[in-house]
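Order of writing sets the labels: A, B, C and D. Residues in every chain begin at 1.
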Amino acid sequence: MSEILVADRLSKHFGGLIAVNKVNFSIMADEVTGIIGPNGSGKTTLFNLISGFFPPTEGRITFFDNEITHIPPYERVIKGIVRTFQLVSVFNSMTVWENLVLSSIRFKEKHVSLRKFFFSSAKDKEIKENCLRALKLVGLQSNAQALTSELSYGSKRMLEIGIALSLNPKLLLLDEPLAGLSDGEISEVIDLLKQIKKNFTLVIIEHKISKIINLVDRLCVMNEGSFICEGNPDDALCNPVVRECYWGKREIS
Amino acid sequence: MGQDKLFPAQNAELPGAFENITLKENHAVEILAIAVFFLLVTPLLSVHRVTDFMIFCIFAMSFDMLYGYMGRLSFGQMLYLGTGAYGCGLFIKYINGNPLLAIFAGVAFAGLLAMLLGLIIVRTTGACFALINLAFNHIGFFLVLSPLRSITRGEDGFGVSASQIGSLNFGSRPIMYGAVFLSLLLVFYFLRRLTSAPYGIMIRSIKEDETRVRFLGYNTFLYKWLTFALAGTIAGLAGALTALNYNYVNPNAMDVHSNVGVVFACLIGGAGNLYGAILGGVIYMLISNFLAIYIYRWEMFLGFSLLIIVFRFRMGVWGYIQRFWVHKLIPRFTKKEAI
Amino acid sequence: MHYTIFYGLTIGAILYFISIGLSLTFGTMRVINFAHTITYTIGVYILITFVIFFKWSFPVGAVLAILAIIPIAYVIERFIIRRLYGDSLDYTFIATFAVALIGVDLIKWIWGPAPYPLSDPIGKYLILFDVSLPIYRVLMVISAILLFILLHLFFKMTIVGKIIIAALDDKDGVRCLGINVDKYFSLVFVMGSALAVLGGIFYAPISSIHPYMGLAILLLCFAVVIVGGMGNLKGTFLSAFALGMLMALTARYWPQGAETMVFIAMAVVLIFRPIDI
Amino acid sequence: MLEIRNLDVSYGYAKVLHDVSLNIKTGEMVFLIGRNGAGKTTLLKTIIGLLQPQKGSIVYAGKEISNLSPERLYLQGFRYVGQEKKVFGNLTVQENIEIAAFASGEPMDVSLKKITSIYPKIKDFLKTKAGQLSGGQRQILLVGRALVGEPKLLLIDEPTQGLAAIVIEEIIHILDSLKKQVSALIVEQNLSLVKQLSDRIFLLKEGKMVREIISKSEESGIQDLEGYL
């Protein structure tokens, strides 16, 4: 096990608001890390910093010993940091398989040949096959031709995860993958995550612990922009500081 | 680290989801359809007019790449048409009379200008993009009108007479017609290939959500810039052809106020589709060539039409045709195969 | 050199008058209003109707022109811009452009396409630092500074101004306080148009009046708004005078390149501070 | 006093609320709890008129109000405090209150008195720009602003979200002092607060109203709820 991503005293201020406060944080290879915490505790901001949505106010991030603090998001994706969004973001005006084209053509190597990118039809057999493989993994292959806007919210979430996986990430950041889904859809997503956790390093933000407790190897708890506890999921949950911030002052026996 | 973690077994069997669905793209048929359309229209109008129509269609397609596909509304596309026209004309006037070289010079001028200005323009979006283009177009118009008067002859413009290469005389109507006809088909084919390739999906994705594309690992600036330069280059081709077709270049070729024509054409035809652009181009040219005689207040007509389009007719003619196709005709084909 | 500075101040004043409306409509409604060109032009034409055709005095004509533009601006806001609110900004832009086209044609229809001359209504000069300055232009610069102070007070002191500032921050928040925001946006729009006409009235005697006069000035004002920051009142003021000065300086050495220089400045600003609308 | 029947609301393509019914009696403090994305915020926004329901009715004092705009509802006594703690950042605290006072037609000093009575410390930063306030101060300003005029029904979205424990205490205190003065519908995730203040609790799950807990003495009910969250 080695550290693949290290965040060193990372801070982000929005005006007077300190969203992330001097966070030291590292992610081990092939590990599933869960980040939990109440609303507004800075989880999504932390993701935005790691994925390059905006630069940190201070601190630095290294990924495989290369500093990535100030490189743009697309370079981070090429390096292997891929994320999903809290509100599902897929391209609604396109068909399901077209959504996968852009991510899957950099499937095996960094880029497909220029000729292929600009001139071969997107319906080319090889591209289609790549799209279909990713769709099959998330169980959407029968909807390949449907318009994305017609999918249910749960299917869109699966599609988004499929897009992220087809980028072949070294580190996959999932921002509340279960938000807004029904119970049936949640268990589908959980099954998928269990299946892919063997091959990928995952970081999952989740508001509610119970759903992901069996999935994660390590649990980090955030509150008010800093980490108040991290470690083995069971230990973390028993930590009194965590209990207080999460459940209020009341003791649960 | 480089190996594919997701699908170790490359020979995994594929579900047959794709087999029966897509009507296979056949560019040859599409090009033939367009060729036949313009050839059929020619006897009804005049050769000269149809040449004009086709040049405008090339221009409309270049605009559609920017607006329809990439979602960037430009109100300054005439700058590149004008640059193409002046580039071609000045080349013939001062350097060499060879029309093919001159077309190339015009296209190169326009393309280089678009590449240069694109570096700045592409940073903006929305109405800002439209206005910045308009501003640069305004500068261009002003430059050819007065500071560069000594070479461009200001308002008067100058004649363009290309020399003959062998039996190829661009002064003759049929030859010009043929050249434009070929250029149109070539541009259409080229853009059709581009838009149906992953690149086409890329620019449509940028239209919908640019941030998301950045998080798919693409430098969107590069692709926006490329599309902008491409649109400028093709507009330049339309400009060079205009110069040869009229044997004349004047500042009208760069007139800021003419931009509304191509916007109108693209919207009425249906933005986001090359057929829409061609259809819109033809519709606009028909109106401006034949109806304009009866429409005493031309700008007012354009203004009110644009308002109607914006409020009631956003899909454009091609959009309606397509919707009819999807709702009425496609189900009839697929019903049999589905079960 | 004194004259150049003064000339720069004059241009800055005009740019400020016209761009303030553009900046405010953008700040509140997030709309770039192309029809601004046409309210401005129509205002100037109404002025010359009174001054040239009816031979009324210049100030009366000016007041009437500003009053006449208010209902026109209101109609544009109410029936075009508000109906497209929340839609793609491209459509708003096209629609306001269409309004500008209709307006230009209307002007050509009523007043004809030929340009009109208008003479300096005061015609007296003031000698200062060895340069003779037309009093009219001095007045123009003074009113621009006065307007800046007035606007500043308006937004600082009056409840209407404060509501507009609040709506810039959080439109829904103002709505949930029981305040009809649309009404205030209309007010901002009409106010911006009236100020543009005021600028046009000042500018009319030193430029030629023709149906397309609005376009060039709109593009310059657009540059002012970009350099100064959209919806930023102080920024608009400073950038209007800075660009005015730039134009005057350029014109001293390269008379034809004055406008081009403004756009180059805008391009430089855009390179360092890209904007998203 | 407020009665919501069979409400369906969609957000773009996704249907967020399914057949939601709920009622609030005069003087009651009702809490709405549920997971992220369950549709709590959507419900509040629909009541205040920022969103339009597809189906169902909202009846207030015997009148149908589901098509009224937020402006009209304000005059009826509805007050909404959103989740984002958005104050008018470029204005001072005093000006923030002034706008509210202007809208309700109440004299400024009356409004100020109301707010100082629940939170005396506000006097110290009346001249500060609201944008420079801390999260807790913003929240208190927003709640205070909502008291201007004659509030009948407060709709508050996550008043304690992202705030420090001391500030939460303060907000609990303020809310407690408001009890019996006005009715309130409050979205909250902090169960200890809910337990302390609520008259009734509604649980929203995946856009459907799951259950209603009548009184806070029903300890087991609240124990159960933790499982849902």
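Everything that follows uses one rule, which is that contacts are C-beta pairs under 8 Å (C-beta built on N, C-alpha and C of every residue); 3 or more make two chains touch, one makes a residue touch a chain.
None of these values were measured; they are calculated from a predicted model.
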Touch-network distance, chain B to chain D, counted in steps: 2
Give the label of the chain whose average Cα location is farthest from that of chain C. A
Just the number, please: Cα centre separation of chain C and chain D in whole Å. 43
Per the C-alpha centroid definition, the whole-Å distance linking chain A and chain C comes out as 48
From the mean C-alpha coordinate of chain A to that of chain D, what's the distance rounded to whole Å? 32
Distance from the CA centroid of chain B to that of chain C, rounded to the nearest Å? 34
Can you tell me which residues of chain A touch two or more of the remaining chains? 92
Note: chain D residues in touch with at least two other chains are 89
A full list of chain pairs that touch reads A-B, A-D, B-C, C-D
Which part of chain A faces chain B closely enough to touch in the complex? 51, 53, 72-74, 77-78, 82-83, 85, 89-94, 97-98, 101-103, 105-108, 112, 116-123, 127-129, 132-134, 136-137, 141-142, 144-145, 163, 165-168, 170, 199-200
Flag every residue of chain B that touches chain C in the complex, lowest number first. 67, 71, 73, 75, 119-120, 123-128, 130-132, 134-136, 138-139, 142-143, 146-147, 256-257, 260, 263, 267, 297-300, 302-307, 309-311, 314
If we count contacts the way the header does, which residues on chain C are in touch with chain B in the complex? 31-32, 34, 80, 83-84, 89-95, 97-102, 104-106, 108-109, 212, 215-216, 219, 222-223, 226, 256-257, 259-260, 263, 266-267, 270-271, 274-277
Could you list, by residue number, the parts of chain D that touch chain C in their complex? 48, 50, 69-75, 79-80, 82, 86-91, 95-96, 98-100, 102-104, 145, 149
Hey, which residues of chain C end up touching chain D in the complex? 159, 162-163, 165-166, 168-170, 172-180
